[in-house]
Every structure is written in C-alpha cells, then in structure tokens.
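Read from first to last, the chains carry the letters A, B, C and D; within each, the first residue is number 1.
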Amino acid sequence: MNQKLKIGIIGTGTIGRVHADAYAANPAEAQIEALCDVRAEAVAAEAEKYKVPQQFTDYRQLLKSDVDAVSVCVGNALHRDVAVAALKAGKHVLLEKPMAMNSKEAAEIVAAMKKSGKVLQIGMVTRQHAEVQLARKMVEEGVLGDVYHIRVVLLRRRGIPGMGGWFTTKSMSGGGPLIDVGVHYFDAAMFVAGLWNPTAVSSNTYAKFGPLMKKYRYVSMWAGPPNFKGVFDVEDYATGYVRFGKAASMSFEVSWAVNAEDENYIEILGSKAGVRLLDGKPLKLVTEYKEQVADVMLQYQKTPNIFHVQAKKFLAACRREAPPAATAEQGCTVMKLIDAIYESGRKNSEVKIS
Amino acid sequence: MNQKLKIGIIGTGTIGRVHADAYAANPAEAQIEALCDVRAEAVAAEAEKYKVPQQFTDYRQLLKSDVDAVSVCVGNALHRDVAVAALKAGKHVLLEKPMAMNSKEAAEIVAAMKKSGKVLQIGMVTRQHAEVQLARKMVEEGVLGDVYHIRVVLLRRRGIPGMGGWFTTKSMSGGGPLIDVGVHYFDAAMFVAGLWNPTAVSSNTYAKFGPLMKKYRYVSMWAGPPNFKGVFDVEDYATGYVRFGKAASMSFEVSWAVNAEDENYIEILGSKAGVRLLDGKPLKLVTEYKEQVADVMLQYQKTPNIFHVQAKKFLAACRREAPPAATAEQGCTVMKLIDAIYESGRKNSEVKIS
Amino acid sequence: MNQKLKIGIIGTGTIGRVHADAYAANPAEAQIEALCDVRAEAVAAEAEKYKVPQQFTDYRQLLKSDVDAVSVCVGNALHRDVAVAALKAGKHVLLEKPMAMNSKEAAEIVAAMKKSGKVLQIGMVTRQHAEVQLARKMVEEGVLGDVYHIRVVLLRRRGIPGMGGWFTTKSMSGGGPLIDVGVHYFDAAMFVAGLWNPTAVSSNTYAKFGPLMKKYRYVSMWAGPPNFKGVFDVEDYATGYVRFGKAASMSFEVSWAVNAEDENYIEILGSKAGVRLLDGKPLKLVTEYKEQVADVMLQYQKTPNIFHVQAKKFLAACRREAPPAATAEQGCTVMKLIDAIYESGRKNSEVKIS
Amino acid sequence: MNQKLKIGIIGTGTIGRVHADAYAANPAEAQIEALCDVRAEAVAAEAEKYKVPQQFTDYRQLLKSDVDAVSVCVGNALHRDVAVAALKAGKHVLLEKPMAMNSKEAAEIVAAMKKSGKVLQIGMVTRQHAEVQLARKMVEEGVLGDVYHIRVVLLRRRGIPGMGGWFTTKSMSGGGPLIDVGVHYFDAAMFVAGLWNPTAVSSNTYAKFGPLMKKYRYVSMWAGPPNFKGVFDVEDYATGYVRFGKAASMSFEVSWAVNAEDENYIEILGSKAGVRLLDGKPLKLVTEYKEQVADVMLQYQKTPNIFHVQAKKFLAACRREAPPAATAEQGCTVMKLIDAIYESGRKNSEVKIS
C-alpha cells in the first residue's frame, strides 16, 4: 500500500467538507492535493485546514492538474457534466448521490466511465453502515432463504430542507425526498436483497405541505432558513409498489413532510428469515432456531464513520484492489427506478422499466 | 321500538354462535326463532341455550318459516346460494364476511337484494370499533383535510388457521388472509377514508409457509390442529398498491405467515392530519394545533362488543330506521378489490377495476 | 385412556384447593373421590363444589377408602407421616413441596415408595412453566454446550409470609425462604442444567427483618395478617455457593426480606449459550449464530396453568405411561442441598454433600 | 501548597500516559520531571508533549534522579521489583493495579514501604468515582445499618483483551479478569462496606472461551488485534463466595467472556438500607423513610476524571496532608483474596485466608 493517491475535491460545501475529512482520516493512502469551488474564500479556508497545495475556482482547471482521483461534490444539476469531464480527463471519480438528475444523464456517465477505463464509485454511503453490510452477508449466505418482499419506509413528519432553495427546486435538485434521501434507501434495499432488476413501478407522488410555503409549520429546518421567494415544485411524499420480475416486490413510502410520526426502516422478507434495518434498534433476524419460531439478535460493532469507510473503499478501488463500493451500473438502476416512479405518478398507471 | 323481530340463524358454528349471543343481548328488539345447521346436535345444543322454538337441518326449510330476518353464517362457498335464497324468500339478511367467494357472486347477491327490496347488511364488524367510528367522524368533519394515502398493515408472523382445513382450501374459502382478515381492514380503511372507488391494483401474492405443511413451525394454531392430508392452495402473504383515481392511493401488506413481527394498523394520511387505527394504542391525530406541529390524543369509550353493536344496527335497518351498517354495494366493492389483487398477481401487472 | 383414577386430597387449605381445581380440569382422567381436612366445614364446602362423595377429617380413614391416588397438601411438618402412610396404604402420591422438613425425612419417604412400588411425584410445579421445559430441551439438545455455572436469584424486598404464623416457625415449616420458595428454584435450576450431584456448599443465612416483628415495615403480606405473639425463628435471607463436582457450580441469593429491589431469575451459563429464565421477560439464548455473537429469542406458548399440567403428568405417571414429572430422588436431592446450606451457615465453613 | 513535587513516570504505555495527563492537570502541585520506558521513542514523544526534561530507558537510572515521587506503570510482572527499588531509593510511589502478581510479592512491597517510611498508594482508581465515595459515606454514617452481604457482578460477554498477548499470559499478567478488572471491584466493594477481613473463599475459575483462540467470536477487542501464536492460560470466568468472619459475606461473578449479557454492579446489603453501585444508573438507597418502605435517590456530581482525583490525592499524601487514597495494606488484602480464589478453584474446596 505504498501508493498514496493525490485527491482533488470539486465542491467544498457541506458534503465536500465531509469528503475532505474522510480522506484526511486515511493519511497513509491519500493526500488532498487540490480543491475547487466557485467561492474562492471557501476553497482557501478548507485548503488551510488540510494543507492543500492547489486551489481552483474552475473545475476544468483542477482536472488539468496531476490529481489521480476526484470527489464530485457539486450541485445535482452539475453531476453529469463534472463527472463526465473528470473521467475524460483520466481521473478516478467518487460521485456524490444522486448519481445524476435522471437515468439519461446517469447513462451518459456510465458511457464515459467505460470509455475512460477509470474507476467510478457512487456515494451510496448508507450501505457502509455495519448493520447493512451484515444483513447483506446474511442474505448472501442464504440465511434469509428466498427474498420476496422489501418494505422501505422513510417518513419524516416535518423535514423539508431549505424551503425555497435548491433542494425544493426541481431544475436544481432533480426532485424531492426521492432524490434527496430515497436514493440511499433504494440503494441499500436492493444491495441487501441482491435484487437489481426492478421491472415495473406503480406509484404516485404528492405535494401537500411544500406548496403552502409560509404556512408550512415545522420544528426545525435543515439547510434553512426558508426562502419564501423561492420555489417548491417537487414532491413531499411518494409511495408505490415495485416489481422485481414475478418473484419479488418492494413497497415504499418516502416523505419530507407527512402527518405521521417519523418512521425509518428497510425490511427484507425472506422465506427463512426476515430482517429490519436502519430503524435505530439492534439488528434482529425474525426466523426459526432449532425448529422453534425465534428472533436472533446479532451483535456487531457500529461503523464509526460511514464516510471514512466509503473513502477507504474508493481508494482501494482506485488501486484496483477491490471493486467500487457502489458501482455506476447500480447507481444507474436507482436512477431508472426513480424516473419510473415519477412517470407512473404522472401517467397514473404502472410503468415498465427496461 | 315495539316491533320485536323474529330471527333465524343459518349456520351454528363459531360465528353463528357469536350472532346468537349478539341477538340475545338485544332481547327487546329480537328473538331467536329458528336455527339451522347440517349438524342436528349442534342445533339442539344451541336451541336449548337460547330457548329457540324451531330447529332445522336444511336452510330451505328455515326460509319457509315466519322469521323476519336471517343471519347467514355458513361456509364461504355457500354465501351466495343461501343469501340469494333468503332474499328471494323475503327475509332481511345479515351476511357474514367475506360477502362471497368473488365479485361475480357478490353482484348476484346485490341483484337479488334489489329485486327483493329487503335489507342486506354485510358482517363488516371491524367498522364497529369505537376508534374506527371516531376516525370516520374526523374525516367527515374535515379534520384530516384531503385524504391522499392509506397504509394497511395486517401482519401475522405465524397465524395460518386450521392448516389443511377449509381455511386453506381455495374452493371452500375463496382465498387466504386477504379473504379471511384482509376484507375487514380494506372495508374499515375505505369506510374511514370515505374512498369507495378503487380504480387499479398492482400487487402480488406469495405462499412461502403454507405449502411446507408439516415443516411449518408455529406457536399456536387457531382452528387447529393441522390436517396434513388436507390442502394449502391459497396465499399466506399479499402486498400491493391500490389507486383511487389520481387523488389517492393505498398500500397494503396482509399475511397469515411471514418472517416479521406481528404488526397491525390502518393509517390514514390527510393534508391536515393523519391517524393510525387498530394498532392497540390510543387514537392519536398527528396534526397541527394552534399553528404548532402537535399530536392530539382523542379520548373515547371502547366498544365493549362489536357484534352486539352490529346486530343492533342490523335490527334498526330492518325496522327501516337507518341504513345498513355496511351496505351490499360496499361489500361488492371489497370483493372487486380482492378479485383484482389476485388477478394482478397472476398477470404480474397492474389491473384496472371497473 | 379409559382408566379414570379416583383421587383423594388430604388437606383442603389454599394449595389443596388448587389441586382440586387441577384434577377437575382433567375430568376424562380423574375424579375427586375423597377429601380430608381437620376442619370439617372446609371439607364440606369443597366437596359441594366438586361433587365429592367421601369426606374425612382423619387422613388415616381416607387412606382406607378405594382412592387410587392422593394429593398430600398438609403442613410441612406432616409431609413425611402422611406420605409414608399413603404409600403403605398402596396409594400413588402427589406430595406438595417441600418434600419434607429435611433430607432424613425425605429419605424415609423414598424408602416407603420403593417398598410400596407406587408412584410418588413431588409438587415441583415451577418446572412446568413452558420456558423451563423449553430451556431444558435446549440443554438436552446440546445447544448450551457444557453447563458450568448457575445463578439463582430470588429476592423479595418485603415478602415475609404470615409473620408469626407457621411459615416463620421452624418447627412447623422447616425453614424460611429456602424451604418456601428456594426449593422451586433449586429444583428448576438443577432440572434445566441436568445437574443433580451437588457435592459441597458454602453459605450463610441471615435474619435481619423477621426478628423485628412489629417494626418490620411492608407493603402487603401474603398469608397475613401478622401475629406478633407468634414466632420468627427462620432465616429471611440466604446466600451461598454450591459445587457440582469440579465441573460446575451454582451461586444463590434467596430472600423473604432484603434492602434490594425485587429480582427473580435462574441463569444457566454454558460454553455455547446461556439462558436466563423466570425473569418475566421473553426467553433469550445468549449465544452465537452463523459465527456471529447473537441473541436468540425463542417464541413459545406460555403454560396457561402449571398446576393443571402437573396433575395431568401425575395422572399419566399413575397409569405408568410416563415417569413422574418430578421424582422422589430429585426431591431428596433438593432437601440434602437445603440441609447443607443451613449446616454451612451454622458451622461457618464449607459442608460436603454425600 | 507551595511545595511542587517532581514526578517520575516509569512506563509510558497506555496507563503511563493517563498518569502523565493526570499530573499535568494538577500543575500547581506537580511537575513531570522524568520519564522512563524501554522504548526510547515512546519516551521522547511523551517528553515532548509535556516538556519533560529528563528521559530514561532504565528505571534504575531514573531512580537516581532528584524526583520526589514516581508512578509505577510497568507490566504486572515487574510491579514488585520496580516498586521495591523506588521505595529503597527514597521515592514516594503511586503503584498501578494489580499491586503485584500475588500476595507474597505484595507483602514484600509493604515491607519495603515500612522500611523506607515513604508514601505508597495503590492505583485503585475505581474508588474515586463520586458514587463510590458517597456510598462509603452512607455506610460510615450508619445509614445502611449492619452490612451483611455484598454482591459483585462484573460480566463482560465478549471482552478478552489482547487475545494471545500479555493480558492472557499468566506469567506476564498474574491472571485473567480477576487480576485485570476484578481487583477494582473487590477493592471498591470492601472499601464501601468497610470490610477488610476476608476469612475464607469457596470459588472456581473457568476458561471456556479463551482457549478457543481463533474460534473465539467477538464484536471488538480492546488491546487487540489477537495474536493466535500467543498464549491463553488464564481464566475467563470466576465465581465464588467469600466469608468476612461470620457476620458478612460476598458473592462474586467476574468474566472476560461469558454467554450472558453485559452486567456490572456492586450491591451492598445492610440491615437498614441497601445500595447498588457502578451499574450505570443513578445511586439509589433501597430502604425505609418515615416508617414507609421507600427508595431514596441521592443526587451528586459525577467525578469528571477519576485519574485526576487519584493523582491529586497521591500528591496530598506525599505532602503528608492526608493518608494515601488506597493503602498498601488494602492492596495486599485484595491480593490475598485473589490468591485464595485461585487456590480454592484448584483444590475444589474452601480456602481459609489468614
């Protein structure tokens, strides 16, 4: 492991700083060589913190530098352009979620990756939770038997982020909670279940809270305060049913705002065991044991920092020691699923996924 | 209320005896005049208990008697024949759930009802829980605003009834948990939401436990013990997504057996408030209050016996003092929904409901 | 199972009435033929309730009747005399706990049993809890591996029964909480662990509350009210350490009164799994699963009434269809253990058990 | 308090660095003058951090310097040699736990202390928790009445430290969890109870997990990773019963590995009140109040850092302003107790303590 990769980070907002912290936590494997953001002062502050030699305000300039790999942490609407340019420039890419604004853009990124031969990893960091990895191991080892249904529940009662800002403006974000947090849960659900072939979606999206703007009541606001002159043209609730061929299915409920209690989990139902993840409780297999109906509580060490693990796996992938922790093809599948969810809502009927 | 109705009960199994108890609890309004069952000794025992003058082993003979109304408590496969005959004979009918084996049979019953001019009430007794009635009142008064999604969860971990008996034999029961318990929750959900126009269903049914027969592990068995020489040809798990036009939707998960913890509820999501019912907890409106995000806990008196209430309402309907507590048209809608759920599973695609 | 046994019950106090109820719950297998108590009016009341033809105030007279089997439910000090007389009279015996006042008496009962050839079952009813039986099954099947330590905790904060009455008078009871409730837990612990060879005891007993008599503060008193003119000459707390050869050990803490919170459990520690019983929580194996440290929660149906089960097993033993649910030899081992606990306290040093 | 003591620290491993931090937190009373470790680079790093003028790799050289007092933080096997040499050299000594490998070594240290006239304090830091000090105060003031039993429970489910390293090698550590963590709880228990006269022990030790080496499953390992070529020849579980004359007793269960949930506490049972310590819950007296059975919750400020308090008390003792926070005689008693526990296990019978 004597190869220390030179890293560039494009975008030094909240998530870009998280990436910087993650590379800095792996000093034997990586050094942050370059930073880029349109806000020069943000670049300077971050550069001082991590002793970063090269600073840019134009990502195209950064891509001309000698960095080996880049983290793409820009706004969703720029994911495609920056990722494609980086791959063309011969850089490995760790691309933040959502992979792109839609599956068409995602496919363009995949094509660029294939042409470049470089490593592309998608920022599906929820997978790196120890309980998700452990559940995946249980499925792989056959402990769950045939997996035939997945329940995805990700309900925030009042959690619209940055009302009126880029999060709630479709042309900048690509969508609402589906794009913001749904991608993590869909990815983790398909990853654990080992089901990457969604074939059809029946769904709908609703917006009952966001359009109220000033009359939207909340307790606290992430990425706030609200900008009442801004736009809310995305969903605040989405629900539906996904087929994986005939053998399996997935139901989902995802919200930024709903008149229901906060509730989060992914539940995987198998013929031999079931498991509920990410619900803030210990991991429990609902199953049988010695021919008795039984629950099995698995002990495990929590992942201290999922971003550190993600960065470490990306670095290993760049060194060609392991595949990317989340592949471009998987990211593309998630985007196809989300496109189909929106389309099924618009058409008010089931939509097939090719 | 000086009109004391003469009642006949056809079928004196478990549910028939519950009906007898319910009429007996309303002695000022009803007297049990006749009982019928193919098992003469069962009729005799029940007749002694309630001092019932007329006993029959052929329901056609009972229908020739002077009873004003009958409870139809026979096996599912006979619901249509007995209900139609009773209506033709000029009797009011309280018909146990499921209304029939399918929507075609249900439609025949509705036609017979219309022709006869008699009262037909369906045994949708779950509606009579005080919390269900109270939630309906909240929706009617606009407290929930626009209702746009319903979540139906009715998961039994190990609850296959009478493995190998009539419950698990499709030709006798019409289906598995959808027919057995799902009908109650679908009826209660549409009743509370006031949504009686399901327009499309995407769903699937699975049977992962029942077919194991002897290898099915359980803690206790209702309507047991198992008959391993019998048949299991129904579903043990069903899940899917229902559209009510474009404005609203319903997701459901119903099981007799699944590797998940027992979980029961109907949740109604509205633009102004949401409510979760039948989960064994106090009724709570998830809403706003005085421009604050707030929960509102509604106090109410639990219904001591829902069957007593059902009988009382049926008697009032027979006296033309009120409409039936659950109408034939509503029962028919539930059967159409269930037909479509099975069909969508078979076709592996969305099915429209006319 | 056409043999319906004629039962006599000697002693119609609280526990005698529980036995009567248990036989009455098994009407196909037993009929209560005779009752005996020195209080004739108590016998009469009970006889009327269960339609019992023969009534006695002298157990020797009852033993001359044609009953097949007797329940011995008299005071502890009479257990030996009545049980020996019943066996000599050719009756099967269900003998309440504690088996006797001490191991010497217990040995006399065992000798009488062997001479008579009749069935003797000890009233160790705690064993009949479903969780105890299930834990025993787990040990038998090797799920726990080598069992090497047992923790018995049975702490009542303020639970002296009938202060000043027979419970607290050593000449009538044989001892305090060790004899009253400790016997149940020692029996259940050795039963589950399959360890019936206690070889040495180091222990002590204390009486810090009972001797206070009027100054003993409590919330409620079983078998009360207190008789301050009576005697308290037994322990109210006992603790110690038991060896089962060199391979295993047991620690115990048993109280009627202690300045500690109520706490009940038997914990069995094995090389492959451990289990804690009778603590009012679901049964949980602390173990490994698929090479992961894990807890396993076993589902099971609770025993509705342990006395009914005990009676049923006694009746089966009388019919020679199964061994007694708790043998005389096991009862004798429990008494030896308790004798040694008292002796170790008196001598203030370890005592060997032969 | 104008006397600023010059301190030497012998051993700059984990615990040595904790001592350095503690002295540095008391800058008005102490200055770290010298450091010693066989690893020169570890000394250098630590010396730079605290600006320590003198550095050594041989403790005998350090003992020739002008330090007033030393912390002895070397491996257990060297405690006796270093402590005796330091006392002979006229230094006050703060000696880490366990005091020595066994009571014979401990006695040699006590003899050296007496001869030197210097202060010797043992690193029994658990005593410094505010709840332990408060419980001691309650006992001293008679609030608990007669203390007659102590329960020590210190169960780690999977906590073998540094499998195959010095912790698990008897010739280097002196023993397993008894020596590693048991000493803290025994010391704290006897300190609170004021019982320093253990007279006999019945006990056993077991090793069911450690000898499995590679097959030992765990979640995380302190002082890891494991060295499978190393040795595990100590206990992983110990349990037994201790007499303090005839008036009081102590039961204990101590493990590094056991198939039971993690559980920690010291419980002191007195005739007037009982108290459970170190269980992670608020301190509660189980007692009576105004002639009512009652719990009393004592409020207190947690000790922010027990090592800082320990160092402060040691410095005060060096200035002869107070006795040592834990005396050599007490340390010696703990070692005698542990010797007896091992011996009782080997002999499989009770062992007297002189």
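In this text, contacts are C-beta pairs under 8 Å (C-beta built on N, C-alpha and C of every residue); 3 or more make two chains touch, one makes a residue touch a chain.
Owing to the predicted nature of the structure, the values given are computational and were not obtained by experimental measurement.
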{"item": "Touching both chain A and chain B (chains)", "value": "C"}
{"item": "Separation of mean Cα positions, chain C and chain A [Å, integer]", "value": "60"}
{"item": "Computed distance of Cα centres, chain D from chain B, in Å", "value": "68"}
{"item": "Distance between the centres, which are taken as Cα means, of chain D and chain A, whole angstrom", "value": "48"}
{"item": "Euclidean distance of C-alpha centroids - chain C vs chain D, Å", "value": "43"}
{"item": "Per-residue multi-chain contacts in chain C, two or more chains", "value": "292-293, 299-300"}
{"item": "Topology of the chain contact graph, where touching chains are joined (line, ring, star, complete, other)", "value": "other"}
{"item": "Of chain D, residues touching chain C in the complex", "value": "144-146, 148-149, 151, 157-158, 200, 202-204, 206, 208-209, 217-219, 237, 239-241, 243, 245-246, 249, 251, 253, 258-261, 267, 269-274, 276, 286-288, 291-293, 348-350"}
{"item": "Complex contacts: residues of chain C adjacent to chain B", "value": "299-301"}
{"item": "For the chain C and chain A complex, residues of the former touching the latter", "value": "134, 138, 141, 143, 284-285, 289-290, 292-300"}
{"item": "Complex interface listing, chain D residues touching chain A", "value": "157-158, 219-220"}
